[in-house]
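For reference, chains read A, B, C, D and E in written order, and residue numbers begin at 1 within each chain.
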Amino acid sequence: MAGLATAFGSGAMTNPMEDVVQHARAMLIIGSNTTEQHPVFGTKIRQAVLKRGVKLVVADPRRIDITEYATLHLRHKPGTDIPLINGLMNIILANGWQDDEFIANRTEGFDELKAVIEEYPPEKVAEITGVPVEKLRQAAEILALNKPMAVMWAMGITQHIVGVRNVMDLANLQMLLGNLGVSGGGVNPLRGQNNVQGACDMGALPDVYPGYQKVNTETAIQKFEAAWGAKMSEHFGMTVTEMIPEIESGKIKALYILGEDPVMSDPNSSHIRHCLEICDFILLQEIFPSETSRYADVLLPGVSFAEKTGTFTNTERRIQMVRQAIPPLGEARQDWRIISELAQRILAFGSRQVNANAPFAQWNYRDTAQIMDEIAALTPSYAGVSHARLEAGEQLHWPVKDANHPGTPILHVGQFTRGKGKFTPIEHIPPQEMPDDDYPMLLNTGRVLYHWHGGEMTRRATGLMQVYGQALVEINPDDAERLGLNGNKRVRVSSRRGSIEAEAWVTERVPPGMVFANFHFPEASANELTIAALDPVSKIPEYKICAVRVEAIRG
Amino acid sequence: MPLINSPQDLRRVREETLQKRLLQNQASRIQIIVSMDTPAIAAGARETMQAILEFIEEEKLNHILVKKTGNLGFDSWKPIVQVVINSQSPVTYRKVSPTVARRIMEEHVVGGKVVQEHAIHF
Amino acid sequence: MKDQSTKDLPIAAIVEAAIEKHGTNYDAFIPILLEVNKAVGYIPLHALKEIRLRVRAPEDGIFVNEGRLYSLSSFYHMLSTKPRGRHVVIFCESAPCHVVGGRQVWQALKENLGLKAGETSEDGKWSLVTTSCLGTCGVGPVVVVDDEIYGNVTPEQVPEILARYE
Amino acid sequence: MKITRSMVLVSSDPLSLQRGSLEIYRRFQEKLESYQLAEEVALSTITDVGNTEASPVVVIYPEAVIYGPVQPENVDRLVSEHLYKGHIVEEMLVPKRHLPSRMAWLQSRKGSLPAQQRILLARVGKIDPENIEDYILHDGYQALAKALSKMTPQQVIEEISKSGLQGRGGAGFPTGRKWSFVASAPGNKRYVICNADESEPGTFKDRVLLESDPHAILEAMIIAGYAIHAQEGYIYIRGEYELSQKRFLKAIEQAHEYGFLGKNILGSNFDFEVHLHSGAGAYVCGEETALIESIEGKRGEPRSRPPYPTTHGLWGQPTLVNNVETLANVPPILLHGAEWYRRFGTPSSPGTKVFTILGNVNATGVIEAPMGITLREVINIYAQGMKNGAAFKLAQTGGSSGSLIPASLQDTPLDFDSPRKAGVSLGSGALLICDDNTCVVDLVKVLLRFFRFESCGKCTPCRIGTQRCYETIRAITEGGGQLSDLDGLLRLAEQMERLSNCGLGQTAAVPIRDMLKHFRTEVEAHIRLGICPTGICRMVPEDETAELIENQMV
Amino acid sequence: MISLKINGIPVEAPEGTTVLRAAEQAGIEIPTLCDHRDLTPYGGCRLCVVDVKGWRFPMASCTLPVAPDMEVTTESPALVESRRTILELILSNYYDAGYEDSLGETQLMRWAKRYGVDPAKVMLKKPRFAVNSDPNPFIWVDMNKCILCTRCIRACAEIQGRFVWSLVERGFDTRVVAGADTDMLDARCESCGACVAYCPTGALNNKMSLSLGLPDKVVTTTCTYCGVGCQLDLNVKDGHVVRVTSNPNAPVNGMHLCVKGRYGYDFIHHAERLTKPLVRQYLLEGTPRPKGRGEWVEVDWDTALDIAARKLAGTRDAYGADSVGVLASAKCLNEENYLMNKFARQVIGTNNIDHCARL
């Protein structure tokens, strides 16, 4: 969430979901297939439209389900989010719909923004994005004149080489309209997995300690060295999208992987396989054998969510209890126990200097409540969080500043974390790999309602497999006809990196020239095709766009 | 612009219509009114009307004005036809089948003699 | 039967014309269905889809799906969800017609057509259905064939009335 | 059919009876025989003449003269002079001053029919319904012009209130009060809805008005719109009434052309539009909230009340729903004034009522008579007696949901109060008159089949209750009834009346209750003796599919 | 606030509250089948009728708004009689094929018991519909138990926004069908199971849980799938999750869940679950790593942890802390992610820690 951090000083969904559905008068959903990826929130948005007549603008190249509820569907070309957003801002400025008071009091950098925005007149934007001028004007009017307006997005915005810039531009839009720090507004990135937010909050990132304390700052280093009793590294670590390729260069020799399946979830699977193959040592902690487990050396059985107690932090920064319902299966152990035991053993080898008297040097945890107390002690935004409060039924959105603080459902009320909100002018950069003569179609990737991520869990759920049992590649009827599919449903999709075979779903959900594939099924995972082009800041790969060739398989 | 834009307009239109009707009545000494509502049609009023028009056509009785109206009398009497001659009180006929209609045309309208067995006495 | 020929009927055009006349607001749903029923003889499923596609307008807060339209079609008895014969014979079976000889006329209809209530003949010529009062009780018993209404019907007249239709 | 040339009515209210009217009646029978007039002259009785000094009275048609007080010995002279020679016996006439309003209508002779009091039907049968000029010529749009130019909306409502007009849809709610509720209810928009979903079997008064005088209803809707500050009106005409729809649409078109609809009507700053909405074959849509649901493009399921449409109606806004006949009263009231209007009918039920007469009688159709007329009068004066001289057994009033009135109650005045007191209801004004060849169980079976068929299915007591009642009654007609069924039936009927969401389920119980109240012996005969006294019920199980009306659609 | 009296008890309720809800807030339970606090009032079943002073007939309390000085009586011999009639009528059109379900006592059976109506006596003798009439894998459809309360229809429309269910026909022939009388999935069902959650009779049931019996434990937890953070109840029997049910108090989602949350739980007990630590044969033998890493061997925890610890520590010591990469998990607990962060930074000494937030 680097984009939001630049603009506001902290990056997370600013408004709770319920606040958005209850109070927004207009919504912009861009790059989020909300009803399939965040189904319960998706249905709440539907109800906001049905019951309150909220004006909904959906910007998405695909005719996803939520477009049925949209007042307006902007079917812009993939990779043209920035010109689209700039174009909307251009129209807003031309009509004087911006919130001058908000801009004056709470932001900086407006003039620079304005200069760039002027470069994006509607006609030019229509040309780049493929959205007619008339629709751009309608969208701008709906979004500007129905306040508060909330923006929601997900991976459709971030999984581009310009992901961070996309996000910053959406932040620009919302500052321009004064929709920040208010109920029913905000910038709202929908976090994909159940505890992405929590994993980030907990410092499972190469550049920050828990609570986004930068690893290269003196205060943070001192704080954690004191707490953990060990010398801290002072430079940023590698992201997952860097670590695995760096195996090839020899920089990375060993991996400790907890419950992840990079072969399925990372771009350019065949290259990932190659890297893992040559890695010296891989420790994998999992609940199922996976595509990645083929490359592991030690496989430790962890447990599912039903077998442990602790907390998840959802997309709206709400910290909630997970409670153990059944004992761990077989000899499987709760993951926190495994990590602790492993840590204790490694520390016992003694080659690393650890001051055992430091307050949090030890790994002998009784339970996860005790771990949470440690988190609270070291993480300002979780300072007031405890299992006891949660068990008492308190609803806590971080930041929770102390044991009596009620939490912060809406961010940036009255003031941004960094003081003034910062406008950053954003210029359009085309995607890394665009269709050409050899690979004439564009591949978009994502998930479907019935499956989850690499499919490790959902492919093992009988009913889900009955409804959606194999990978489907969405393809427009025009293309299907051009390819001579003629009822023959099998297609081969190839990119410069690999190829998959799958069943075609001929549908108008995708525009001509685009195919859409998911990465839930190992035998036809979209990530065999995707490109490992990364956003320079966030290191997020450009999953949403690469060039492919589609052929009918004669059978 | 609508035809009537004030209560005065309404009065005027009414007067004009009245004059028009008086002229019409002078032109058409004989008027035949056929009840044309759903039960009348169900009982065969369309055929009756047809028979009357055919008779007029055949006999070239151009001075006769045939009009339709809504519910005229009991349903059990339908089809119902009224004959008005010289603006005198109408004679109402019940159960006017096409055959009866022709008889009424011949005997009453042309012949001036009321067809008693179909005339309503009330 | 009518369903066999619906493929040739311009359902989309029929729906379009109905929308032209009645608009796309919620209050147009039933009138549109009535028009389709009148033009096609019943409401084929693909007509429901055509209506949904043309009527649905989130920008005006109008949401509709086939299920709702089907539900309406089955609730209102002037609409039929099943194909009908070329000629539909409708008999009023309400009390006013019943007490003035409706029973006997109903028997005569069933015997002459060889059909029971709600049935369509195998050659697709006739459908026999009942209705509640048509408001023409003054000339009961009443039988309607297609758009023609017959009053004061006696059992003896039934064959003669039916013979008028090809 | 026998057409009588004259009709004699002898008063038979308690006072007249006390003064020997029975003897007068007997003498008439005798004399008509001896003058050989029995074939040409109908003889009947009339009740509640409301005049003590003149009773007993004798009314003779077609001259519509009233004699009184009449002594038995006068009868010979009346027969020989009036009925035989055709001279009115002037000196025996009731003096004008002794003629109260209750009697006055007997003398009036408007239209082509005897002694109707035509206010609503004044133009019916006189004008071409598709010709707006005809309407204008017959006082059309005068009331609207008066309202718009001389009255405030408030004054219009006051006038309607003063007239004592009550809703003619069946419930009899004071119209003026309803109008003022809607006018004062908070809302962004207000609507006028004319309920023309006339689906009660045997009721077709609205159809007659719509087919024969559509502009009158349209004018009334516009006036109502003005009174309650509405800009839009809907008329919901049942789908089966094609001709009504056609004529009303034409009326709307003409009214636009002439400037009675649209912007700045008659130069005022009042705008009004009317939409015609067709029903599609559902009796229950006659219920006002079901009708509103239907306009909104939903299944015609009645809403729960309160709240009422007066505050939460069409699209959730305050809505005035009036029946066609109710609205038809509005222009004459405004044109002639509330005082004039109250001269008709009874003090508690002013005005006239349009009745539809059906069944085993000589004349069937529509009539308009003052409120308070009795069933006996209707049968004998208007319906011209029972067909084929059969005996009157019962009448069903107000369509399927009305009461079964046995012969013993035929002198109950038909107004809003009296039938209620006698435990019967006036309903929509349909009078289905049945002779003694009618089996009451068979009739009630037909009615229950109707309800089962027309229930919307929303609430349990109606949806399942009508089916269970139908099954039980059907079993009785097929020889499978048990005496204990009758108690169960009555209990279920009572609960249906208590618990149903709308009038349909509530009134479905009425025929059952009336049947068991007035005709229990006949019902029990089916069960105890295994026979149908009239021979109508076959007393054997009938072919299920032939009788059941599953999935029937027009 | 509007003041009224229910069973003589003064009650205050905001304008627009129904009598049933006002009573509920005052701790007075009024029987109902079609009403649910999450759904628009319907007024169909009529079980909730109450007497209101000034009204001749009982009123359905689920649709009746509170009014000032209203006096309501919720139970009386006449009302009991009425409720019994309603239940008898409902059950006279109900059929129980006798299969075991895992719902426990349905609301319908609860009221039947309370008002002394014996379903066995009044119910139909044979089914009117197929007992399992829809082929979808999640939702058991047995319309013989449908009482037309329309909660499923309203749940689908007002919560899921999918409009799968609707009523067709009318009167006694009224039925609930999916779409234009088709299969649920054809009617664009998203299998969220909201209709099941709100069904008061078991006409809609959880297919996967049928005949698994009643749970001996119910645990409220947070869903493991997307970032919305729905809470749900795991129903546990003999150490197995047999069903997921809605928890009405879930702060984010209330009674609502999606298909994965409600029906995607059977991976928990899937046969492929890893239940023993595994290490490659070569690690036990101390031989070089073969191509393809060789065979897996089941070992005890000590062995596995020991090998893992030695290898990681060895790598760190041989190639420096930054030669080790740590991948935490967005599927795991905050506490576990914290430990992974601490592990990388304290135990290994590297900032090479990440997880799949980007993916």
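Following the convention adopted for this analysis, a contact is a pair of C-beta atoms (placed from the backbone, for glycine too) under 8 Å apart; a residue touches a chain by one contact, two chains touch by 3 or more.
It should be emphasised that the depicted structure is a prediction, and the values quoted were computed from it without experimental measurement.
Taking the definition of touch as given, a chain qualifies here only if it contacts subunit C and subunit E alike; those chains are A, D. Here the largest set of C-beta contact pairs joins the chains A-E. Using the average of C-alpha coordinates as each chain's centre, B ends up farthest from subunit A.
Subunit A and subunit B have Cα centroids separated by 82 Å. Distance from the subunit B centre to the subunit D centre is 28 Å, each centre being the mean of its Cα atoms. Between the Cα centres of subunit A and subunit D there is a gap of 70 Å.
Annotation for subunit C: residues 63, 71, 75, 134-139 touch two or more other chains.
In subunit D, the positions touching at least two other chains are 207, 241, 282, 299, 364-366, 453-454, 456, 550-551. Shared contact sites, meaning residues of subunit B that touch two or more other chains, fall at 38-39, 41, 74-76.
Pairs of chains that satisfy the touch definition comprise A-C, A-E, B-C, B-D, C-D, C-E, D-E. The touching residues of subunit B, counted against subunit D in their complex, run 2-7, 9-10, 13-14, 17-18, 20-21, 35, 37-39, 41, 67-77, 82, 90, 92, 120-122. Contact residues of subunit D toward subunit C in the complex are 198-204, 207, 234, 238-242, 275, 277-283, 294-300, 356-360, 364-366, 396, 399-400, 430, 432, 434, 438, 443, 446-447, 449-450, 453-454, 456, 543, 545-546, 548-554.
Within the complex formed with subunit C, the subunit E residues making contact are 163-170, 177-181, 187-188. Residue ranges of subunit C in contact with subunit B, taken from their complex: 134-139, 142, 149-152. Residues of subunit C touching subunit A in their complex: 56, 58-59, 61, 63.
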